[in-house]
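This is the structure, below, for whatever I ask next.
By letter and in written order, the chains are A, B, C, D, E and F; residue numbering begins at 1 in each of them.
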């Protein structure tokens, strides 16, 4: 039966998750040079159109439709067939199924948008759209089904992911790694410094992301209940702990705590706690945030040393965050917090940690390999990279015939 | 007539403007520039990496003055802009052949 | 009886709709030149003060108070007399009437703010305020009563408008047309190009508008139920479809998809689905979005050809959107989706389409004529246009003694 | 028992109040010079990390834990011990206690962030963090307990504060006064004009603050009921009335209504109605907004005349607003509006006004004295002020090795 | 060869550019500057206090032209930039010793 | 002493700076300008309409050098700034009568 409080809650959460995509566009857009800000925006924003269409046509049924061998949803709900105002008997049984569908749509939108940060300032718009579409079909939807779909094989094995550590962050991080290996660095990389053109924009984006993350994680309880409360609290605490940890380590390491560091640490904490949010209490959430800040800071620095042009650190923050968070859940999960969850290592159940590590390996490897193949093929057929002349001109003018700022 | 170009530290602009005003110099044009010289640039941190930024924000003043005023104006700017630290800036004097006031079409000294 | 879930939902929705006014200010402000951004902001923001006062004093009772002959609400609820925490027996019966009142207030605020885009960069602040006040009293409140008021004559004739296709978008679009006819174009219009001074600001505004629109359309169900779900889903899908359609048509027509085009298409889709949101399923919603993108793109281009200085395209997007959406509702409405709605043309009921067209004609004509007369009178008495010197200086300095950016 | 509607509402409200901190960062950041914007951001943003940690460790139990002599909460809930998904029997009995805890956390975060506006552009980051931590422990938590804690002595005396006129605005305003007396003005103060570097940023911040304030005041009902409706309506009406009043008085006094004036008036109205929001009807709310606009405008002008460098007017807006609002509540409160409230002067109960004045005196004096001592000590030990060279360079580079804008 | 520097009102830029174009002048460099002169600055209001902002936005055009073109170019700019109100701007003429086109290495007149 | 003004493509700035550095030239001032010349502007699209933007972002370098260095500096800049495509920019040489270092008051060559 429909519960109005739950429906209100998940609708609000869906709105919040939608807002994360412009939030991400601002977060990323502030970090690129002024000639690439609109191009960077477009890569995120256009996911709203592209993935929403894909989702209502195919994605929802592939992800959540009646299970086929644990691997994928059948096409029974093609084009939202039978998906209406009545609650699903399987998912989120106290809210209209259409609310569950649109809430999940917002997750499918932001996931490929996350990838764009890795290859910022150098990718052509059209081939990127082709990639994003195929990636949604071949990576996002299957993994989503495995982990969250009723009957999904990873779910059946007991792998847990509260709000998208595997489905969202690890898949996009693995794709980012593939993309950085396939697409050469920005010209001038390693010699020039590419300073952020507008850090206040990045801070604004961080604020909107944090705000939206309450919907992302809190809403994943799919009801306005104690689990939602647990997830909301964990989210906030891990975000703030990530921010604190990154800032302190940077202060110690470089002598100054930076604004971008604080923002990065916050996003690292928020991303890392995502798989665990509804399954752990406040103290583990803080620990997860601290771990996220420390590990992601080092991952980003390590990347700098090995010379990967993961321009806006998708691997180091989302990939590593999704990885670390899913494993941490294996350590910190406690049925005392959420009976629908699991007991982890610290609750005396190392087997669950093993399952989580297994989940990470499978999803990471699958997402990486498929992404790499997709990118290689698209690159061969269409050419993913802008010309060096276009790179000098900037994406805004070259790909969109616009300039961001005029006076 | 001469053109005086002075590159100064931005936070000294108000002082310089007032000093020139006190001398009766009422016309000038100002632009934001970046300077490179002995003054060391600053370090910026970007996600844990350090970068050195060489160019330092400066203000450039351009004034057309009569030849006989040049010394006085230079001294006036110099004193007002002085902090005694590296990067205080430079003053250049260039020859000017003519000046025209758009509004009236006046030329030469009376156009300054 | 008060339902807490519904109350939570409509309060959240009211907050979201309020946020749309600063969102609109940013959307518009990014498109004007840097010397007019604050003036453009002020024209929207001050509606919050002006219209809120008008609404609690007179507007609410004129719009929703006890009906007088189908034409206007009586003054029984003057100054919110009797409007308190108890639910109304007529409107939104599961939430405090004060919640319904404040939710509707937010609609009344944004409607005149929409008009300002048509006459951006050239109108004096004081006479515009006078216009906005009189327009709220003489256009918004009556039309609102006709369409949404209990006993309103258009409602009685079966004209439907879920969330403001007629009441908000068509009235403001018609007023925009009148304004553009009364107030001469910006100086330099047709010769100079007036490039947007800050497109990231416009993109941010679009994000906030989209987010807010979930409250605007979803909240118009006035309860957190299946209708809200339908409206929420339609809103998102039409927005994304408008974005996709505008971008594709622009890509085909001009060779590049632009960021401003994507934003414009999104707003066109969102505006156009507004009257239909709670009455149609997802597939019609997508179609409405596509239709919106295509028609509004052409409307804006047509305007360029005939040389109207509808500076930020209020006619082409909101006027045309409100018109098209209301008519589309006549085509796509289905009682299967919302039993409280109607069956449209495709459900075998052409009569309903006729009623919708009638509604569009009446509201469009009424809003245009009254707006035109008001503008003519105010122009004669106070002079709407800034002096050409002030236009050169910019509204910010001339009307508000401020500059937006300093360093 | 947990009510899902109430839980959804307070979770949404908590998200909204969190958003106010980045909103405040933008509001303040737009008003400083471009070289100090990130430093200004950081002073607000880092409160999220610092105060959240403090809150879960100590703050929550000091504020709301079992009462000790009316003065402070005991340490029974140290580290959120026993604070979980079950509702508290004392506070907000229809939602998980963890929701109440995190909602209150957001208030504790923004309060010290408010103070930073008074001493903008001249304070070192590290000593400010020390101050903020000690201030939270020694000022915020005790005052919060006195006023809102079960058993708090001011609450026991009948002092009312709906959403933080005393606890948030007066404490931060009093601390701002202390800070301005201890920390010398910016160099150049009185000679140079420090024009806002980006007013659109300030307007955006205002929009987010207003939006968030619905959560701040509306959410303080702790349930989605009629009181929430009352608080929501009062908040909006006082905000708009403050905006209108400030704009009109400025128009009369200086010849032009400014954008910053409108924003300032709105914030003044919102801050001033905060203590009264759930206890007064719409007409008193409008009056409170008008009073706020008029008095705060004059307070800010008065400060200009006496030469205090309260850089972004925390005393004049938040301090005076908290003061005036709490006293106004003594005048306008009516049990007819909220039976859990009180009758004020106009309802024939001057004693309640006396109690409110007493509350203002006690809290104002306490917050001022403790803040002053803390600042003096920290200044002596660590030095609060940046060097004059650093002041020339700007906080962004000097304290954070960053610049906000590059091209 | 001479260098002409013209400080004009920003909203006159399009007119000036077109007028120069009509004369066949196709090369110029433009920058945003702030001017100080007889034209009074404007008043700004900041939270109820008034401030006077002295410097006024202007556009500076720099053109290298052949010596014989100088008069014509000046007149052309002057007419296009003229509003007749204070603050219309100034035109300065400076000597230039050499011009080099980066792309070809050409020098002197042919490099203009 | 001479003043060298070089208008170059912005993305060549780092190369030019390094080349000058290698020659021991350690003082210069830089500003953002917009150029108009043979290089065609670009097309922008605004809500379905096309506009041509004529002025193209360039960087202007100003260096005061000793007269004997002029040739060498010009060549150095030219080579570092060269792409061979239209719009590579111009270098102008102007006479300078005096240079003063604000910090020390030094004049002439030693002030450069």
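Note that in this section a contact is a pair of C-beta atoms (placed from the backbone, for glycine too) under 8 Å apart; a residue touches a chain by one contact, two chains touch by 3 or more.
Computed from a predicted model, the values in this text were never measured in an experiment.
J.: Identify the chains adjacent to both chain B and chain D in the sense defined at the top.
T.: For chain B paired with chain D, the chains in contact with each are A, E, in label order.
J.: Whole-Å distance, chain A centre to chain C centre, using C-alpha means?
T.: That gives a centre separation of 34 Å.
J.: Report, in whole Å, the distance between the mean C-alpha point of chain B and the mean C-alpha point of chain E.
T.: Averaging C-alpha atoms per chain gives centres 18 Å apart.
J.: Whole-Å distance, chain A centre to chain E centre, using C-alpha means?
T.: About 51 Å, centre to centre.
J.: Indicate the residues of chain C shared as contacts by at least two other chains.
T.: As it turns out, chain C has residues touching two or more other chains at 3-6, 8-9, 12, 195-196, 198, 204, 208, 254, 256, 258, 260, 400-403, 407.
J.: When you check chain F against every other chain, which residues touch at least two of them?
T.: 31-32, 44-46, 50, 53, 94-95 - these are the residues of chain F that touch more than one other chain.
J.: Strictly by the criterion at the top, what is the full list of touching chain pairs?
T.: A-B, A-C, A-D, A-F, B-D, B-E, B-F, C-D, C-E, C-F, D-E, E-F
J.: Could you list, by residue number, the parts of chain B that touch chain A in their complex?
T.: Where chain B meets chain A, its residues are 44-51, 53.
J.: Taking the touch rule as given, give the residues of chain F at its contact with chain B in the complex, in rising order.
T.: Against chain B, the touching part of chain F is residues 3, 17, 26-31, 62, 64, 94-103, 105, 111.
J.: Under the stated contact criterion, what part of chain C meets chain D in this complex?
T.: Of all residues in chain C, those touching chain D are 2-9, 11-12, 14-15, 18-19, 21-23, 25-26, 29, 37-38, 41-42, 45-46, 48-50, 52-53, 56, 79-80, 84-86, 95-96, 98-99, 101-102, 105, 125, 198, 201, 204, 208, 396, 399-407.
J.: Which part of chain F faces chain A closely enough to touch in the complex?
T.: 9, 11, 14, 42-46, 50, 53
J.: Under the definition above, what is the set of chain D residues touching chain C in their complex?
T.: 3-6, 8-9, 12, 16, 33-34, 195-200, 203-204, 206-208, 210-211, 214-215, 218, 223-230, 232-233, 236-237, 239-241, 243-244, 247, 254-260, 262-263, 266, 281-283, 286
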